Amino acid sequence: MRSFSGMSRSLATAVVVAGGVLCSALVMPTARAAEPISIGVIAPESHVLGKSIFNAAELAADEINKAGGINGRMLELHKYNNNFSAADSSRAFQRAVQQDGVVAMMGIFTSEVALAMMPWASRLQTPLLVTGAASSEIPAGVKANPERYKYVFHSYVNSAILAQESCIVANATLTQSDKFKGFNRAVIFSEDAAWTKPVDESYLKCLPKVGIKVVDHIRFSPDTTDFTPIYSRIKKADANVIMAAVAHVGVKPVIQWKQQEVPALFTGINGQAGSSKFWAATNGATEGVITGTPGLNGAPLTDKTPAFFKAYTKRFDIGEPAYDAYTTYDAMYALKDALVRSDGGGDADKLVKALEKTDFTGVLGRVAFHGTGDDYAHEVIFNQDPTKGQSFVAFQWQDGKQVIIWPEKLAKGKIRLPAFVSQSQK
Amino acid sequence: MNRTWFDWRTGVVVLAFAATACLPWFVSGYWLGVLTISSYVAVYAMAWDLLFGYGGEVNFGPTFLIGLGAYGAGMSNTFLGWPVWVSIPVGTLAAVIGGLALVGPALRLKGPYFGLVTLVAVLLLSQVINMFAGYTGGEIGLALRDILTISSTGNFYYAFGLMTITALVLRILVRSPLGLILEASGQDTTATEALGFSVTKFKILAFVISAFFSGLAGAMTVFYFGTASPGTVVAVAVTIQIIIATIIGGRRSIIGSILGAVFLIVAGEFLRPVGQLSSTLVAVLALLVLVFAPNGFISVFGARRERKA
Amino acid sequence: MTILDISKISKRFGGLQAVDQISFSVAEGEVVGLIGPNGSGKSTTLSLIMGVVRPDTGSIKFQGHEIAGHATHAIAKRGMAMVFQHSRPLHRQTVLENIKLALLPDTIFQLFTGRQIEEQARNAARRVGLEDVLDQRPDSLPFADLRRLELAKALAADPAILLLDEPFAGLAPSETREFSELIVSMRDAGQAIVLVDHNVKAVSGLVDRIVAMDAGQKIAEGTPEQVTSDEKVREVYFGKSLDTVEKTRERKHRVGEHRLLDVNIESVHYGRAEALRNIQLHVEEGEFVSVVGLNGSGKTTLFNSLLGFVAYQGDIQWDGQSLRGKKPADIATGGIALCPETRELFTHMSVLENLELGGHALDNADRRAQVDRIFELFPRLRERAKQSAFTLSGGEQQMLTIGRALMQKPRLLLLDEPTLGLAPLVIENISDALDKLQQDSGLTVLLAEQNLTFAVQHSNRIYLIETGSLQWNGAADRFSEEVGADIL
Amino acid sequence: MNLIIEILISTFIIGAIYALGAAGLTIIFGVSGILNLAHGAIVVVASLVAWYCALQLNMGIYLGGLVGIAAAILTTYVLYFTVVIPLSRSRQLASEELPVFLFVSTLLFALILQGLLEWFFGATPVSTPAMIDGVVHIAGVTVPLNSLLIGVVAWAVIGALWLFISHTRMGKAMLAASMSPKGLAIVGYDIGRIHFLVWGLYGLLAGIAGVLLASFIGASSNVAINLTATSFTIVVLGGLGNVLGSLAAAYILGFLGTVTAFLISPSLREVPGLLLLIVVLYARPQGLFGRH
């Protein structure tokens, strides 16, 4: 045992040293020379959807800088990995604003994180553009408290709209078609998550309207690993359409759907199936799966889409851009326009005002935000017509490719039934 | 105990606290934010250490208590519209009730078995949160109507104040006769009973106090964040953070818990530029401390050493 | 006046009747010793009195109040205190604080201690001789002082009666003497005490009365003289009376000239407790040597040192080579087979599997032959070959333990308490088997026994061990006259 | 009727996977008294490495599977040598605190593994292709052949494990080590070596479970904690260290979960298991089939 004085001395030294290190770290310069404009991007780096957010932002920033930046000032991107954690994100947001001096933050595809960051946007008085999460709570929050949440913009449509569009797709491709009109008995198949609640409501309302009967409604935990009981129920209900609302899960239900040869068409919203890597991830089990998404393998929604698609796939080796790459890319340009119009975004309120006035044509269609008085406050305006708002396509996996089946204008093919689905049709 | 030495150490600690209290004049809001979170985690860690280090209870569910405090407060604010200063006591009360519910199993079950019960309690709590998503916000969480304050200095002082009060109260407690009895019963229940102490009473006290501070800190945390979500106050990851903070700081030491919490959070921020692997690196550091200096920073600094019994 | 009156208390643990209708009483100022071999139920009896374990039936009256089934802390508050065999002090508090602990009121509403408690604690420390180390931490105290600390805690609140569980365990002889004096001084001060120990000799000078137990039952009660000369007590401890030992068992085997084992242990420590000191002992090839002594005297520790399970100061030579630092497995492979007191059978495996594991190093044919030999030696094992070891009776388990050790084809067989808890007939069986072994193969055996009869019957030479030190050694036939009468 | 058959078939397959997943964990506990919370992470190491080798490196599913198993064994030994051994020998720890430290440090190890896996393989779930395609119809119930095969393989591995433990000398020695390590040492077995081999066996079992899992339902780094929790529940229910007990518990849990999923709601699958665990911990802390 050491002597008391020795101990106290070593402890004191330790505390002093630790304190010194801490202080020197804490008083690092907070504001840098104002030449470049800093923008923060936040997402989980380990996830495909996170990577595509970072990539799209990087791509857009480079393009903008190459084109002369914001009135001559360059954009500087700061990337923050949040590990899916809300607490981590709020810390990163503070660092971004108070340490790295960003004028706006964008990214995020998980609703928990998006919701947790909203209060911080108002506290840090920094615009936040949510580009990947679909929860309708985001615009609802802005509408309920526009004064506080005016900094929050949602540059991706909310899940209720996604559901509506899926109904429209089902109507157009199934009930309106002679060949597939027998596909009119649907099961709603949703992961138990907040974003699917409005989806379910929407499905329940719109499916009967388009002549599809809802024969069962299944919500399951996102932790579900074995889908046998669920598929057994679907078979029993004698359904031939699965109207899905899945994003946290994706690979597992699709693989088991194929393995167990569930005789129902897999359609609706399947977040992960939108990724070009989904074929490999499911080892091809996704053959025949239909899903809707805002943008897809460069489908020329606008004249800017193909160029973006080409630049993205050329630059990054992670495959084709996922949906949130399109939305993030558009959000970057929305931000750029607003920065130009608000003198570099030094004043956050001015920047918000400028963002509210956004109106240009992006890669998913026209980009403009709803006013705070609208139902979908500060959300990007949606319209089936790309010249009027963010748009939507539906595709089916066929032979390893995502083949667009809707809207007709862009369609590259027709629905093909997997063998085990068509067999069941008399 | 050697009194002069004791005072020396206390002096250093008091100075460190005073210096920290002056930080808002020197550092950016961001570092205040980091220290705010560190302070809340430090309170969780101290409250957990009261049960584990002093009371000998292997509690793997600190987030059961924290979560009750957080959601109790959050739901009173959002659904009942109660103001912050009413909601926080409500959440704290919910946590204390939860703490009392753990006393039964704690008295009946030993070591790891009790640990399992607490772990299951956390899992059930998160199931309940998901099942009643209409009231709890489910997995995406609950947006609160109010927050403590938007000022980062204000938030820092709330958190740092709570941490200081907790540290003071717990320090008085563990150095008092109560602390002595609690530690003795954690070490050997039978022998303590044989000295004439009804251990049950002291266990209840320990759980109530631990739950009180856990719940209070949980409630204040959600009013700091502005949201309550399972990922921030219930998830196993939070439990792991608390346990690791306590152990690498030095269990059975109030200052140790604080050092551990600050280290974990600050190290995470320092390593942020490393990118994706930063949290893994923190875990590696923590594991190294755990394996090679299981008594934590406090023992490395030479303040205390315990021998193998 | 009687302060503690115990009548017909019983306690059953699963299939074991640990305490069976025990009755005795303690008068004010009286010191009662509760003795019995290991597993006789004496410690359980103490736990029943203290309320640590609830009695199934029976009554315990303490100062006129029925306390059977009451909570421990309630009993403690009535004025009973207990010193446990294994209790640990608070390591981060000083000795004084540890003693203060015992004096604190049982309330959650007290944050500060008064002067008076400090005074009382200092007094208690003075009574046990700890006044010079009050500000030290338990870590820095020698083992005996830790025992004193426990005693001080128990004494601090002036209990009406003090229960002591094996107070001398782990103490060196000089410390034992000091401790005995301490107990005598407490007795002189009028303190009522119940003292549990298996060492009759250690307690007989301290107590007014002895209650002897075996297999949960009381077998004798009276003054120390009465109890030590009681036939039944002696038999429980040492087997049949030494005088009746048949000295007829002829030892035909030849004692070789080759020194197989040469032990020179300076000391063995468990934590700070010294378990063995200055053990010099040797075994010649072909010899049968016994180490006798009471439970807790260090026999098992000696065997554990031989096999390398515990660290020791000194050296052990096996066949001319040092065993220091070798792993148990290497020592076992080198030709020493141990039959531990706890048997260490593979309980959920069959008899045959147990034997086969013992002979794992042999080739298949050899192993089969050796199994056959063991079945011949213990025919009961052949009948039970397919049964799980835990279904065997105690005697059969002992046979299996010996059988498994013999499967190793050892040059030296270490037997630790092979007769413990066995019926006379079974002991006879094992005796016969050992005789046969010696005659047939000239096996060298080192036996640790409490049962003197058994040891004397078989041995060439005997070592007597008491509280960790060798007290006597010599030829077996001299044991009875030189030591025999003195041992209890 | 149909439903009953379906539940039974489902239970058979799930139970087999559960049992295999928990077998290694319970053996490790039996022999060394360690509750290894890195279990799920080690299983996932095998899944992801197998997937990576099979599909990204084009080794094919069988060779990929072997590499996956090897990776699990290697990871297990890293855990053993960097965490378990140093902690067990630490002189700074009181012996009664060791289990808690092992608990926490294996958990930390799991976190580190998870971080590395995410960094290397990403967080997106992956699964290896089916070993055989197609379905069979058993009494009107459609069952994927692959799932059936996985159930059978899992059982074959459990059977092989049983043969190894009850019919080979090394296996018996391992079993004996869980009953009396000292007894094993005194007949000349080196306990350190036995432990080394048991951890190897554990890695092998976890690896096989991981490879099968990758083919059955797929895996990703973030399921590690759930895998640990499920295996853990089984081991505790079955009685810590009791291999047959955990086999039975795997089926009880599999059955309860399947019945709940089929008859009540798939979302509540885990709940009856958790409730059962609480009841068992309260009423019979040694587990349903514990020996003590």
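We call the chains A, B, C and D, going by the order they appear; numbering starts again at 1 in every chain.
Definition applied: a contact is a pair of C-beta atoms (placed from the backbone, for glycine too) under 8 Å apart; a residue touches a chain by one contact, two chains touch by 3 or more.
Treat the numbers as computed from the prediction; the structure is a model and nothing was measured.
Touching chain C and chain D together: B. Of all chain pairs, the one linked by the most C-beta contacts is A-B. Chain centres here are C-alpha means, and the one lying farthest from chain A is C. A straight line joining the Cα centres of chain A and chain C is 72 Å long. Separating the centre of chain B from that of chain D, both taken as means of CA atoms, is a distance of 32 Å. Centre-to-centre separation of chain A and chain B, using mean CA positions: 35 Å. Residue positions 139 of chain C are each in touch with at least two other chains.
Of all residues in chain A, those that touch two or more other chains are 1, 46, 192, 221. Across the assembly, chain D contributes 118-119, 267, 270 as residues in contact with two or more other chains. The full set of touching chain pairs reads A-B, A-D, B-C, B-D, C-D. By the touch criterion given at the top, residues 1-2, 4-8, 10-12, 14-15, 18-19, 22-23, 25-28, 30, 45-46, 80-81, 83-88, 90-92, 94-95, 97-99, 110-112, 114-116, 118-120, 122-123, 135, 137, 141, 192-195, 197, 221-222 of chain A touch chain B in their complex.
Contacts from chain D toward chain A in the complex involve residues 3, 6, 10, 14, 55, 118-119, 122-130, 135, 142-144, 146-147, 217-218, 221, 223, 226, 258, 261-262, 265-267, 269-270.
Those residues of chain B that touch chain A in the complex are listed here as 2, 4-5, 8-9, 12-13, 16, 19, 23, 26-31, 33-34, 37, 130, 133, 137-141, 143-144, 147, 150, 152, 225-227, 229-232, 237, 259, 266, 268-270, 272, 275-276, 278-279, 297, 300-303, 305.
By the touch criterion stated above, chain D contacts chain B in their complex at residues 35, 82-83, 86-87, 90-97, 99-101, 103-105, 107-109, 111-112, 115-116, 118-119, 225, 229, 236, 267, 270-271, 274, 277-278, 281-282, 285.
Residues of chain C that touch chain B in their complex: 50-52, 71-74, 76-77, 81-82, 84, 87-88, 90-94, 97, 100-102, 104-106, 108, 110-113, 135, 139, 153, 157, 271.
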